[in-house]
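Look for subunit A in each of the two complexes below; its partner is subunit B in the first and subunit C in the second.
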Partner chain A sequence: MKRLPYVLFALWMLALAASPFLASNYIVKIATFLAMYAALALSWNFIGGYAGYPSFSTAAFFGLGAYSGALMQNAGLWVGAAWVGAAIVTTVFAALLGFAILRMRGHYFAIASIALVEVLMLIASTWAGFTGGGEGLNVKIMPGGPNYIGRVFLYTMLCIMLAAFIATVLVDRGRLGFGLRCIQQNEDAADMVGVDVTRYKTAAFALSAVFCGAIGAAYASWVAYISPVDSFSILLTLKVPVMVLLGGPGTVFGPVIGSAAFVLMEETIWAKFLDYHQAILGVIIVLLIFFLPGGLLRLFSRRGAA
Partner chain B sequence: MSVPLLQVDNLSKSFGGIQAVRDVSFTLEEGEIVGLIGPNGAGKTTLINLVTGVFPASSGKVTYRGEDVTGQRPFQAARRGLARTFQIVQPFPAMTVLENVAAGALFAGAAASRAEAESAALAHLEFAGLAAQARRPAASLTLPSRKRLELAKSLAMKPKVLLLDEVNAGLNSSEIDHALALIRSIAARGITIIIVEHLMKVVLSLSQRILVLHHGELISAGRSEDVVKDPRVIEAYLGSKFAERQKKLARARTPA
Partner chain C sequence: MEYGQVLANGLMLGAIYACIAVGFSLVWGVLNVINMMHGSFIILGGYLTFFAWLHLKVNPFVSLLPVAAVLFALGYLIQYALINRVVTRPVLTTLTLTFGLDMILYNFMNLGFTATPRRIVLDLGRLDLGGVILPLDRVAAMGLALVLTGVLYAVLRTSRTGRAIVAVRMDRDAAALMGIRVNRVYAITFGIGALMAGACGALAAVVFPITTSVTGLFLGKAFVICVIGGLGSVPGALVGGIALGLIESLAGHWLGPQSAILAGFLIMLVLLIVRPTGLVGKKGYE
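Then we have the complex of A and B:
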């Protein structure tokens, strides 16, 4: 077992966790985003990387988590319980829907998964009596100063990132990961070889939702205001897969590396090109497809670190 | 008589207006090697797909060891011990040869862990003569090796019945001899085999019994020697004209 990548990962977590003691609030915010996107990318990796299903449902899970967390919190539930509740709601939703849309393959699945985002956004913006409609929803602001709140959310996101990472390591080494890799390679052959493909794909889809739901709920508490367009953002749903592809899909460390590279690029380079940054995203996607189909990890090891 | 290992009753399958398999019935006893032959498009692969659950049957029944398994899914067939190989090989291309076989051992062959599956897989690769290639990606294998990989993978699933769909298609004659020896040694392990095959040399040398499909119907079944003399079989393969001539020749030969 190669130990070095795990050591580097632990150091990276420590560096992010130490940021409030060493750097400005701006850096703490970036560290929080780094943890958040790492967790989102690790989540997408289950369905998009291991199972090879091009899911664009990240924003659906994120938004559903944000709304259900906010609604539970506004109904009087304790913040932490609301986050856990949101994760559960999102996971159940993903498992039920996954069972239906995972029968589709390739482009059809991609379209169905993106439709999920749109449908949920429409519900959130039209069901005004429950969700606040297009005006959005205010969430109770946490007590404590901005420094304190900043730290709470940094550590929350770090915990979710660590949980997603541990889940990834367990899946990667276990039966589920092996079966998903078979499905990614050749689904019919996987079925023939005894893999219960429907159950495995549904498990991967649910795993890709659980942490997104928790993050969405935490995010809602963090920004204290959510709206349909922000919560069910198409840009988010595209960004996260790109991060994983950038790092290396179907690997343990790829999503962490890819999301970090992406967020840091966004903060340093793109902030200077506000008008063009979506165009730059498009160019990156194209370059990735042509030059780095295996992701950044391929640059370090010829066979792609497993 | 004891319960047959596999029993197929009045199995039919239509795709829209096309009747691919029509009212096919047969039984399979433990330890048999049965040949399934028929001209192109006769429905041989469809029949295998129906038995292993790739397609649901339009009507009819499949019974395996006394249990009705008609509506089963492919992974259930695999776990029950009905393994099959594909006419067009279906490896997991980016995985190693060893991982390909280990998948069979882990998901259908009841291996408890990945380590156990890999050690079982190694034994099957040695049996199939692929041990030297164990660490190579499956995509890098030549066609004869891929066919052997399919065999090793299905053996790792610990099958009771092995359905071989044209394992020899595309092989040259020395490669075929090699494959034949392999199939014989699989049968020697007590695995029951249905073999779909175009090459009569292979079918006749392996199978005790032959089933003949034509336009989706079972037109003949029985001992190999009898089936190849069956006029319906000759007609299906060589046309009615040829069958007529054969009949005349036969009549001329028998003294009145």
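Then we have the complex of A and C:
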């Protein structure tokens, strides 16, 4: 019985992986987005779900990954190496920064994490000599034609998603997850009983950055053009936590379910109402907070996932 | 004299910034809610004032009062009907809720008003103080911003409602036991926050071009000012606002206008790390 969700997850991965052989390029693109957002949501879950810190810096990590990946690639590095390099840069950045801003709690942390997105965006648009400024940056288009490129990026995103998922399972079962849950419930008490809160929080923050960085870099290579406003999008930074809240924060499967539900909803409903895109997102948030506070997973299991 | 001008610009900006932040800071301090709609409230106030000026020929300094009243009603309703239900829940919940409400408001403002930058042109002439040039419309906006901030301070200090708001900020439960209707005080506080934002928007429309795409910028400034000045007090917002005005003015002068905003944010991040209670803030307001 306990294995069922894992079997379902494996089937879901297989279905996404099989999409290029069964469906059109449009479906493959949606499958890529499903994998990408699942990985972003799983990443946010480490700091926002397990540790309960209201982090809104997803877009900061994503954008930093996109820019560092693109710059490395343009400097002549092999694509894969650039992605790994971007993940490393983002993780180091998050670990150093987390050390400073994770001492804050509640609103102050939330604000610092949002400000981070703004600061990086302003730097990216001001430092024109290095980042291309407001005009953005072109990235080399991968050779091989659209079908081939579509598959490459689908499998890249799926690999990152799988890695994020495995990391989540390990954290969930291990010491780190236990410590983070203690921090979420009562940080002072956790500190008192000997949880090294600073180290645990920094680890969670860095974990939430590593996959975002890799995804950002892969995304930059995929779309072959990045700009400050797209990379450090305040919408992205809000969407990802909402996905996790939709699925069930602090759980292994919640982020996967939430992001899948969100992306499919976006593609089927929102695509028809382009003018009201943000308003619909707002309404979903309001409904979610009032009527579904524990996320979709709560509907399935009585044990709950709060 | 060059620096005289830079300082004068900074002070004029700073007075308006103080007015921008004071409502935001009040809501944050009393309700413990970060109101992500604050930027949109400012722009809404600005737009209402602009259209009153364009179509009905109402002077913006006159339409300020009805605009502020409309915003108060809107804020009161939003708090009473929606935010009050989740006000005791964790930060993530309340912040995400106001973020979501902001998306709705923003979307409809964008559709209704389009993103064209609009500015009220009053042309009151200007004052020349020994080489320092002060456009009179800006001076008037600055004066009114200071007056509004002062009025809010007086209301909080002396009126019954004001004392109730301060009491709820100090201790919600004790205030409730003394017979204060906390939910009503919350709604009034949020209404005042929106009112100040609306009034500021009216003033801002005289000074800057107003467009929906700067809502985030105004919200960011409110953050920065609260952190620089310290949270939940009128003097804190005043100090923070004027400090940010001067910082931006000087940074703009030395490094160029793009860096002005960046300088504000960087100073905020450093202050958050070094001194999270702000320059004049007290400890104890999480």
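Keep in mind that, in the parts below, the second predicted complex is superposed on the first by the 303 of 306 C-alpha atoms of A that agree within 3 Å, B and C clash if a C-alpha of one lies under 4 Å from a C-alpha of the other, contacts with A are read in each partner's own complex, and residues count from 1 in each chain.
Following the convention adopted for this analysis, contacts are C-beta pairs under 8 Å (C-beta built on N, C-alpha and C of every residue); 3 or more make two chains touch, one makes a residue touch a chain.
No experiment lies behind these values; they were computed from the predicted model shown.
S.K.: Quick check on the superposed pair: does A:180 touch subunit B, subunit C, both, or neither? Answer first, second, both or neither.
M.R.: neither
S.K.: If you stack the two complexes on chain A, which partner ends up touching A:157: first (subunit B), second (subunit C), both, or neither?
M.R.: Touch partners of A:157: none, neither subunit B nor subunit C.
S.K.: Counting only touches as set out at the top, which of subunit B and subunit C does A:60 meet: first, second, both, neither?
M.R.: Neither partner.
S.K.: Touch check for A:36: first (subunit B), second (subunit C), both, or neither?
M.R.: So A:36 meets neither subunit B nor subunit C here.
S.K.: Scan A:126 for contacts with subunit B and subunit C and give back first, second, both or neither.
M.R.: Only subunit C; A:126 stays clear of subunit B.
S.K.: So in the superposed three-chain picture, is A:197 touching just subunit B, just subunit C, both, or none of them (first/second/both/neither)?
M.R.: In the superposition, A:197 touches subunit B alone.
S.K.: Classify the contacts of A:189 with the two partner chains as first (subunit B alone), second (subunit C alone), both, or neither.
M.R.: first
S.K.: Let me test your reading of the model: by the given contact rule, A:207 touches which partner, first (subunit B), second (subunit C), both or neither?
M.R.: In the superposition, A:207 contacts neither subunit B nor subunit C.
S.K.: Going by the contact rule stated at the top, is it subunit B or subunit C that touches a larger number of residues on subunit A?
M.R.: C
S.K.: Where on subunit C does subunit A make contact in their complex?
M.R.: Those residues of subunit C that touch subunit A are 28, 32, 34, 82, 85-86, 90-93, 95-97, 99-108, 111, 216, 220, 223-224, 227, 258-259, 261-262, 265-266, 268-269, 272-273, 276, 286.
S.K.: Quick check on the complex: what are the subunit A residues that touch subunit B?
M.R.: By the definition above, subunit A touches subunit B via 173-175, 178-179, 181-182, 185-186, 188-197.
S.K.: Could you list, by residue number, the parts of subunit A that touch subunit C in their complex?
M.R.: Checking each residue of subunit A against subunit C gives 48, 52, 54, 100-101, 103-108, 110-112, 114-116, 118-119, 122-123, 125-126, 234, 238, 241-242, 245, 275-279, 281-286, 289-290, 293.
S.K.: Touching residues of subunit B toward subunit A in the complex: what are they?
M.R.: Interface residues on subunit B, with respect to subunit A: 52, 54, 73-75, 78-79, 83-84, 86, 90-95, 99, 102-104, 106-109, 114, 153, 157.
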